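Can you read through this structure? Questions will come right after.
Chain nomenclature is as follows: A, B, C and D, assigned in order of appearance, with residue numbering initiated at 1 for each chain independently.
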Amino acid sequence: MMSDLLFYGLVTTLVLLSLLAVSLPNLLHGAIALIGSFFATAALYIMLQLEFVALSQIMLYIGGIIIFMLIIILLTSGLGQENRYMVKGRRRAAGAGVSALLLIGLLLTISQPSETLQKATLRAAPVTMDDIGFRLMATNKNGFIIPFEIISILLLVALVGAVVIARRDNGQEQES
Amino acid sequence: MNILLLPDLLIILLAASILAIDLYRGKPQSTVSFHMSWIGLLVIFCLLIILPYDQEITYWGTYKVTGISLLFKQVFVLSSLCTVLLSAPYFKPGGNARGVLRYRSEFYFIILLCTFGMFAVVSATGLLTLFIGMELATIPLYILSGYQKEDSLSVEAATKYIIMGSLSTGLLVFGYSFLYGCAGSLSFKAISVFAMASPTDPLFRLGVLFVLAAIGFKLTIFPFHMWAPDVYDGAPTPVTAFISVSSKAVAIGFLLILVYGPLAPLHNYLQIILLILAGATMTVGNLGALKQKRLRRFMAYSSIAQAGYIIMAMAGTAAAAYSSIIYYLFVYAAANYAIFFIISIVGRNGEEEFKSLQGMGKQNPVLAAVLMLTLFSLGGIPPLAGFMGKFLLFAAAAERGFYSMVIFAALNSTISLYYYLLLVKEAYIIKPAIAPRVLVIDNIQRISLVLLTSAMVSLGLIPLFSSNIMAIVQ
Amino acid sequence: MADLLFTHSYLILLFPLLSFVTISLRPVQLSPKMAGRFAIGCQGLSMLYGLAVAAAYWQTVIGQPQLYPARSLVCFDLAWLNFSPTLTANMGIFLDPISVMMIVVISIISFLVNIYSVGYMKDDPGFARFFALMALFSFSMLGLVISSNILQMFVFWELVGMSSYALIGFWYQKPSAVAASKKAFVVTRFADTFFLIGIIVVSFYTQSFDFQTLNSPETAALLDHTFMLGIVPINLLTLATILIFTGGWGKSAMFPLHIWLPDAMEGPTPVSSIIHSATMVVAGVFLTARMFPLFAASEVTLAVVQFVGAFTALFAAIIAITQKDIKRILAFSTLSQLGYMLFSLGVAKMVTGIHPGAEINPLGYSAAMYHVFTHAFFKCMLFLGAGAIIHAVHSNDIMDMGGLRRLMPKTYWSLLTACLAIGGIFPFSGFWSKDAILLAALQSGHYIVCAVGLATGGLTAFYIFRFFFLTFHGRARSKFHDVRENSWMTFSIMALTIPTVTAGMLEHLFVSEVTVPGLAYTPNFSHPLWLPTLASLAGIAGISLAWTFYGRGRTEAAERCRLRIAPVYQVIYNKFYIDEVYLFITHKIIFHGIAAPIKWLDRHIVDGAMNLIGEFLQQGGKAVRLLQNGQLQLYLGVTTLGFIALLFLGR
Amino acid sequence: MTLIHFVVLSLTLCAIGVYGVLTRRNLIGILLSVEVILNGANINFAAFAHFRASDPAAGAIFPIFVMAVSGCEMAVALAIIISMYRRKKRLDVYKLEELNG
């Protein structure tokens, strides 16, 4: 009962914060709302007994990506003031209409009778950090060593690429 | 350890060594990385040809090398090789009217690793490898399309590309989550078992539709094609060529793997959707191409239409679809790269537009003839390879009795012939208003064009090749 | 010896290909003059080899009917493309009476036209290119006729179309030539689309591309079932054969797809002579003959062939009467003669059908092939002669000519034989082949078609002698400078008189040997004497009429007559406005602009529909561009909406 | 707290993210909205792993990979945006209109 209350509270917070994140006129506030929604998500993960995922959520998402975004927002604007571009009401309405239609479509699709949902039962044993670590390094048929290696390559490429793109060249300065 | 994994390892090694050597001899004008890349890719291609195609080995649970995946790898390596050769003048001062590209070694490094990502996609046996491979095959393209930093068009293209792309990634992840949720596991085998047991489950179908939409984005299927004309137009030309061939090929590989692998029990359900999408896509591509004036944008619409033809073949049986599509990819790659080489020649000191082709018939008849041959191949005129390719694609759909679709596609390809002839007209007939600029062709371009043209002619005539694909697929 | 010849029969193709490759890719530097000589040499070798193969074929196959009951021989047949384990396309050489006949015709005519072209193209800057393209054409045309399967044939078919496209637009500086080449290409390609679909349909039902399999009764039986397309019942056999025939329809320029042929006369005259009269346009007739047993299994298809042929024969002859451009007269004449060949095929019978009690009668088939043979020579010569005249007087308009008899005596006498032949005057070759065609129509009981043939014969004699008298007789109507006959050109023209005069002797050969494949039946060739008499009378009447109107170079009588029927004449003169209609449609489909009169829309509902399609395409193109307005969020919105549509579609 | 709740939640987040993608005028704002979509997908994974999967560890691992990938994507995107900002001095998505047709 208690957990249900907690769940609904978390869900409400999450949805509200997400809505704020996408609609607050000041981007900086939006980003902060997003951080809040990510904390709520982390809490949900803990309720689902996926502590490791919750940890990554906080460390990777909040600690890495969002902070990075915040820095860029600050870099490209004086404290988010310049980012208040006006959005016309018509456009908001169109966007809201399309996303509402999307939600209706999605919910209609899953509202059909489904075995998957009916057979859903609570799993007994929680996923431990050991499990995750072993699976990531395992070379047997359940292992994920290959994706793990590939993602390291991906990180390297993204790093190199981001540097190349974002770097200010000498020639470019002369031009502009 | 087995020799079958060698190409994949070699390509990573090649990329790493290019970056390492660049660190030691980091002169901006050094062409070491260029020579290393193309020689390395050529070696890998030769290796791919001599590997045994009748074996099937799974490495560490999630990476499987089969004959079909090796065929796809051939396409990817060839495409990268062409891109590397195509890009050579773009790094030289005066090599292109849009300005010079910088960071040569990084460019090749990114291209090579992107190619490795494509390798991973066609070797995947589970959703995770598929996902990461697909991302490795996509994220570098965002970087590459923004490579021409001085050009605001290039930056705009990159911005549009990455934002559309990240939306599609979001859809893709949603799709994976539903597939995983239904099957309870990430492996294709488990998904296949679930699909067999309950093919009508709405959650499962929702996952499939999510994945289809996301891959439709990469494959430029209507209505997910919107990014393509703008990105093709804005990105540097070698990158456009790479996106138009490799990115499309990997998306097709991805779709083939899913449609004929774990989702095979849903084929009856999927084929209708695929056919509708195919018909819409080829129509939109052809209509869009009718009124273009810029070469790269034109190629974007042309390749959208080609994607439509390719999807159509997926209504056929597995063997027919695999063999016709892989064959068509080779043909398509040859024709597209030939066009892009010609664009790069024209673009050396002029805009890459239709009117820059004017006067080519007089000035360089051989180049104009190559252009005409290529366009005829794209338009599907026998005995060029494009005809055989289209014939096989149409036949794959006809085999299942979708005659009306085949007729629709054939009429569509008649429209396409019209706009391909527009380019021929531009090259041969229209008199340039100003004196045409001198076309400079360097040796790399000349040799590449000769090879690509002979490929276009011989792929259609020499049976060895298509029979080989057929044999491997079966 | 004969076996050796057959084994290496690919050499017939190889020589022209060698010539094309050598001249176009220039591995050795050839001066234009040498290129011409080289092309002629290759063409000559190909001709000699072709004749040798024909002789060997005569001796071996026709001479030993017990060994070769089907009268055909597959020289070799290599697997070329595998489509599936059961379906393989081959690349082979197939010799039977009609392909051997075509080899002889094509190689002889190519050779002579090449010689002619040395004179005709003498000072053209594209001299070498011309010979290269001609060699490419010969290669593809020869490949077309000896194909052993339909896919191979289609490949060569398109190659032929491509080389024709390049040759019509040979003088690409002229906008009209370019427009004509594009028109020819798009119209024939449009028809070929249906041909290709026909091939796909047939091959997937029969799992074969091979002509021998396709022509077997089993194939016809396999295809002969009816399915419902919506609410319309459609016989698959009829559908498939009509689809395939559509390819020939376009290539042989039958009404209403004939519009490209008169315009194709923009090419150099030797091109018109070989491609657009003697060989390529016959491809449609050849295709029909090649697939005849399958076509004949469907009565509807044969009726279509017959009707299209008869209609075009009459229609084109009427238009030809009014033309003033020398090459256009001949172009319409070609259309009319092709119509003859097709309706002749259409009246041949394999199954008793339309007229109960009528027997199997393959005479039409033999007659059509015979007419292909004779027509090739005399029409080629007519074009070459016209080319010589144009070359000499630098004008295409017969109203500017006259009195050329004394200036060009050799051309005059040679052309006279050709005109007599096409006019159907005894004993020239055209008389015999037309006689056989009329007889075939009569025997099979198609009296109306027979009457159409007779009437067309009279018209033919009239328009061809109108052309002849206006050109050669009377006084010169404009000043000519320096009219001389070029010896390269006159040689070819005079050489062609030999078959024109003597081909009549081959009638019995054609009737007894060139018969429907797989049908052991010799046509009944007994004549009622009144038929040839009537045909001759029609021809003579036509000539006399032409003489009264235009003899001695007069034009006044005709002018008077023309004024009396002025409105009708105007309509005919403008080719029944067909070109205008097409111009209108194509402009709407292909070129935007030109606000066409709305009136036409009402009067020609079909054209209106076509027009609508074109407009639709253009508007669609605009819409796609409009949607692509550069606004990223619009793109994102379209993508999302597309996904929503997919959700509802996938439910 | 059952599976269906989580699925509805994640789909709602998807729609919210799409709304943001369609209405945000700032490029970084669009990227923020994409993060909302990805977050929804991750919740979906976690929920399926918890309630249904025969292989729950995979469902826990996938979100971590998604986070890493989205990190890469953001790094590249922000680099491109910086490059863009340098040329145009603003990040207004309406002004991306040089390429069209």
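We take it that a residue touches a chain if its C-beta (ideal position, glycine included) is under 8 Å from a C-beta of that chain, and two chains touch if they have at least 3 such contacts.
As the structure is a prediction and not an experimental result, all values here were calculated from the model.
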By C-alpha centroid distance to the whole-protein centroid, which chain wins?
B
Just how far, in Å, is the C-alpha centre of chain D from the one of chain C?
63
How many angstrom lie between the CA centroids of chain A and chain D, rounded to a whole number?
6
Between chain B and chain D, tell me the centre distance in angstrom, where each centre is the average of that chain's C-alpha atoms.
26
Distance in whole angstrom between the CA centres of chain B and chain C is 41
Touching two or more other chains, which residues of chain B qualify?
128, 131-132, 135, 139, 142-143, 146, 149, 158-160, 163, 167, 171, 181, 203, 205-206, 209, 229-230
When you check chain A against every other chain, which residues touch at least two of them?
91, 94-95, 98-99, 102, 106, 109-110, 112, 116-117, 142, 144, 147, 151, 154, 157-158, 161-162, 165, 172
What parts of chain C, by residue number, touch at least two of the other chains?
625, 628, 630, 632-633, 636-637, 640-641, 643, 647, 650
Tell me the shape of the graph of touching chains, choosing from line, ring, star, complete and other.
complete
Per the contact definition, I'd like the list of chain B residues that touch chain C in the complex.
159-160, 163-164, 167-168, 171, 205-206, 208-209, 212-213, 216-217, 222-224, 226-227, 229-230, 269, 273, 276, 283-284, 287-288, 290-291, 301, 319-320, 361, 376, 381-383, 387-388, 391-392, 394-395, 398-399, 403, 406-407, 410-411, 413-415, 417-418, 421, 425, 428-429, 463, 466-467, 470, 474
Show me the residue ranges of chain A that touch chain B in the complex, using the header's touch definition.
106, 109-117, 138-147, 150-151, 153-154, 156-158, 160-162, 164-165, 169, 171-172, 175
Sort out for me which residues of chain B touch chain A in the complex.
12, 19, 58-63, 102-103, 106, 109-110, 113-114, 116-117, 120, 128-129, 131-133, 135-136, 139-140, 142-144, 146-147, 149-150, 158, 181-182, 198, 201-206, 209
Parts of chain A lying in touch with chain D, wherever the complex brings them together:
3-4, 7, 11, 14-15, 18-19, 21-23, 27, 30-31, 34, 37-38, 41, 44-45, 47-50, 52-53, 56-57, 60-61, 64-66, 68-69, 72-73, 75-76, 82-83, 85-87, 91-92, 94-96, 98-100, 102-103, 106-107, 110, 116-117, 119-123, 127, 131-132, 135-136, 142, 144, 147, 151, 154-155, 157-159, 161-163, 165-166, 168, 172, 176
Of all residues in chain D, which touch chain B in the complex?
7, 10, 14, 17-18, 21, 27, 30-31, 34, 37-38, 40-42, 44-45, 47-48, 52-55, 58-59, 61-62, 65-66, 69-70, 72-73, 76-77, 79-81, 83-84, 87-88, 96, 98-101
